[in-house]
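Take a look at this one; I'll ask things after.
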Amino acid sequence: MSELPDVRTFPRSRTLPLRLDVLCISAIVAVVLVAASWLTVLNGDRIQQHGFFSTETLERSLTFLRDLLGIGTGRTPAFAQWEEWRKAATLAYDTLAMSVLGIGFAAIVAFATFMFGARNVMVGELAPYGSWVWRVVFVLVRGLYIAARGIPELVWAMVIIFVLSPGLLPGAVALGLHNSGILGKLASEVVEGLDPRPIRAMRSTGAGHMQVMVYAVLPQALPRFMTYLLYRWEVIIRTTIVVGFVAAGGLGLQFRLSMNQFHYTAIAMLLVWYLILVVGVDLLAAGLRRLAR
Amino acid sequence: MLRAPSVLSRTNLSTDVVLDGLSKRYDALEALAPLSLRVEQGETVALLGPSGSGKTTLLLLLSGQMEPDTGRIVLSGRDMARMRSGRERARLVGMVHQQFDLVPQLSALHNVLAGRLAEWSLWASMVSLVWPRDHDMAVAALARMGVADRADVRAGRLSGGEQQRVAIARLLVQDPAVILADEPVASLDPARAGEVLALLVSVARQSNKTLVASMHSVELAREHFARLIGLRNGEVQFDLPNPQVTESMLHALYDLRGLRGES
Amino acid sequence: MKARLLESRRLLTLILVGAFLWSLLNVNWAEGLVHPGGLEALGQIALALFQPRLSPDILAAGAQASWTTVAYAVTGMTLALAIGLPLGVVASGVLTRVGWVRRLNVGSARFVLAFFRSIHELVWAWLFVAAVGLSPVAAVLALGIPYGGVLGRIYSELLQDVPEGPLRALRGAGASEWRVLWYGRLPMALPDMLSYTFYRFECGIRSAAILSFVGLGGLGYQIQISLADLNYGRMWTFVLFLILLVLLVGGWSGIVRRRLVV
């Protein structure tokens, strides 16, 4: 009878089609991070004197909920007053305008620059022969994108408030600046994923590099650019209330005022308007996206 | 011939293509052994041979998209390596590929007008996307290729045969002296392939342009081209007028035994 | 058909441009829009970039704040996973077969996820801080809940988009839907799920930094008080820490995600 081969001499089979080396290390790092982070957080929590899972926290939460709903305060809750709803409607309208303005600014900047941030047409196989100018522009554009999106909208808003007086515009500019980096990067990546053949064929007609960009790169990238634009708008509408807090416009401003005055029922009403805006924009964007295809 | 009125006819200049000791290697692989040949203006030449024989490499070298390792290409007396600008090269050489020459989102009209880009400034090119310049020239080119009614259709929605016709119409507008074609009809069904190829050859003949095409189908090559060059393993096996090429030569050309890359 | 489609993209462009113009009209273009002295202040801030305060105690504060930010991000992500994974599975509808029970489950899971996603993490943060005070766990909740909503939505889609062939094979071998999920969908969807989770973690770092503006400690908080104190050099130091942190995490995330694609 033949001997069974020694299993230890078999090469170890891989059941998962993943390279295990980097992932193993990452998994270990992740576990350590999770443990350490939770320890830090719970430790910091203890310093705050009331643990998160204590009865006191529960009581405070319930009180807060009651205040939101206006139960037992004796005053008429804000959301029961028609006048308050009307005022909030104006603010919601302003917030919507701010978000559109913001995505508009971002779109303009991204549209003007995204082709120059794509590796393949600027420094790669589709780049013009031996011109260092394009290389420099590429690095500049990429750097600008990183800087723009690395700075959170809130920080942009705080800086812009120095220059522009509070209102819709500074918030929109802050949103626009931050998102131009995000939209620009997404759009550049679309260009990098394009089929090079039509671009090369366009080049062979003798067109200059900029002409090739306008005729071959731009039309191919545009549909996805629009899709990303709409997707970003959905994200922006959620952030507009936050920016409005600092830039003093729209729902965000009223939110801050109500917080300071502890008008919790007003906050509840503003939250409802906020949700209406978010859901509305999501639906709108989904509908418009169908047009982009 | 379709061309802007003020431009001197390029095909009046003698545009013989002379290859002198041309060769190309990819790492260890000799894609093209040193070859020298001359193509006279107005000739229709078909490159035959199995895949990997060097046809595409030769076309890429001729179009200026690649630089040779040795040798040079001389077009109408000018050394191609000395031509720095793409515009100058494009006046002499135009290329049509098997597929994906067109920008799918642009209409056939704009794809054809792209052949004029070398003549237009950047501003004019951008304006043309909204208000097409040289509109009549482009429509005439499309009509010549039998697809004038598709002018406003996005290139991505055209059939394969229609797309190739539009690509050739673009060449008409670009008006180069030499037309290169990389298996231009290999993706089309036999009936359409014959039609499109006939159009391509007639375009070349009518304006006395040189046509060099790598051909997938020997029958079509036999039917339409005056001169056949057989390449195998990067070397020229034969270079003869069409009638002089025999069946046994073709058999030897495509024989699997001894072919590089086959066991 | 062709003419109509040609119109739709042009129509979209017109709508977008029109919307933008409308929004411009809503701005109060009154005078006093620009503060003349503001540009000067901005100039000062910009100059301070080249003179960041690098004294040891500030560097220590920066490191400390960075760790706080990371801790918030990681704990928030674990909560997000705890929320997103189960809800995502239910929302994908892969466990129940047909009928109104399924629609109820899927519908409510999707509604909850959508609700979580709709509110910005800062708004959640404000609410939690107003409810229970400046507790770090408020930050965890503020990050975990919206991110849970996002993760859940993506997971549900990924679980649905798995190729049918292997699943049919499993079912043919007699596996229940649970087993199909465990042995079929999850292993196939796992690389994409991990990849997206890591991408979200990158975003989470930035969100955690912003959350600290609410007063919960971390890089954002330090940036804010430095700015309020007009201590621009100090502010830039913390901003640089933030950029470094984002680049580090982004780099790690990139490496992991590239490996996952292989």
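Read from first to last, the chains carry the letters A, B and C; within each, the first residue is number 1.
The definition used in the following text is that a contact is a pair of C-beta atoms (placed from the backbone, for glycine too) under 8 Å apart; a residue touches a chain by one contact, two chains touch by 3 or more.
The structure presented is a predicted model; accordingly, all values stated were derived computationally and were not measured.
Undergrad: If you average the CA coordinates per chain, which chain's centre is most distant from that of subunit B?
TA: Result for the farthest chain: C.
Undergrad: Two chains share more C-beta contact pairs than any other pair here; which two are they?
TA: Chains A-C share more contact pairs than any other pair.
Undergrad: For subunit B and subunit C, let me know how many angstrom lie between their CA-based centres, rounded off.
TA: Centres of subunit B and subunit C (C-alpha means) sit 51 Å apart.
Undergrad: So what's the Cα centroid distance for subunit A and subunit B, whole Å?
TA: Computed value for the inter-centroid distance: 47 Å.
Undergrad: For subunit A and subunit C, let me know how many angstrom lie between their CA-based centres, rounded off.
TA: That pair's centroid distance is 7 Å.
Undergrad: Got the subunit B residues that touch at least 2 other chains?
TA: none
Undergrad: Can you list the residues of subunit A that touch 2 or more other chains?
TA: 223
Undergrad: In subunit C, what residues contact two or more other chains?
TA: Not one residue of subunit C touches more than one other chain, so the list is empty.
Undergrad: Can you tell me which positions in subunit B touch subunit A when the two form their complex?
TA: 63, 65, 86-91, 93-95, 97, 99-106, 110, 114-115, 117-118, 120, 122, 125-126, 129, 167, 170, 174
Undergrad: Which of the residues in subunit C end up touching subunit A in this complex?
TA: Per the touch definition, subunit C meets subunit A at residues 8-9, 11-13, 15-16, 19-20, 22-24, 26-28, 32-35, 38-39, 41-42, 45, 67-68, 70-75, 78, 115, 118-120, 122-123, 126-127, 130-137, 139-140, 187, 191, 206, 209-210, 213, 217, 220, 223-224, 227, 239, 242-243, 246, 252, 255-256, 259-260, 262.
Undergrad: Touching residues of subunit A toward subunit B in the complex: what are they?
TA: 195, 197-198, 200-208, 210-211, 214-216, 219-220, 222-223
Undergrad: Considering only the defined contacts, which subunit A positions touch subunit C in the complex?
TA: 16-19, 22-23, 26, 33-34, 36-38, 40-42, 44-45, 48, 50, 52, 57, 60-61, 64-65, 93-94, 97-98, 100-101, 104, 107, 150-152, 154-155, 158-159, 162-165, 167-169, 172, 223, 226, 229, 238-239, 241-242, 245, 255, 259, 264, 267, 271, 274-275, 278-279, 288, 291-292
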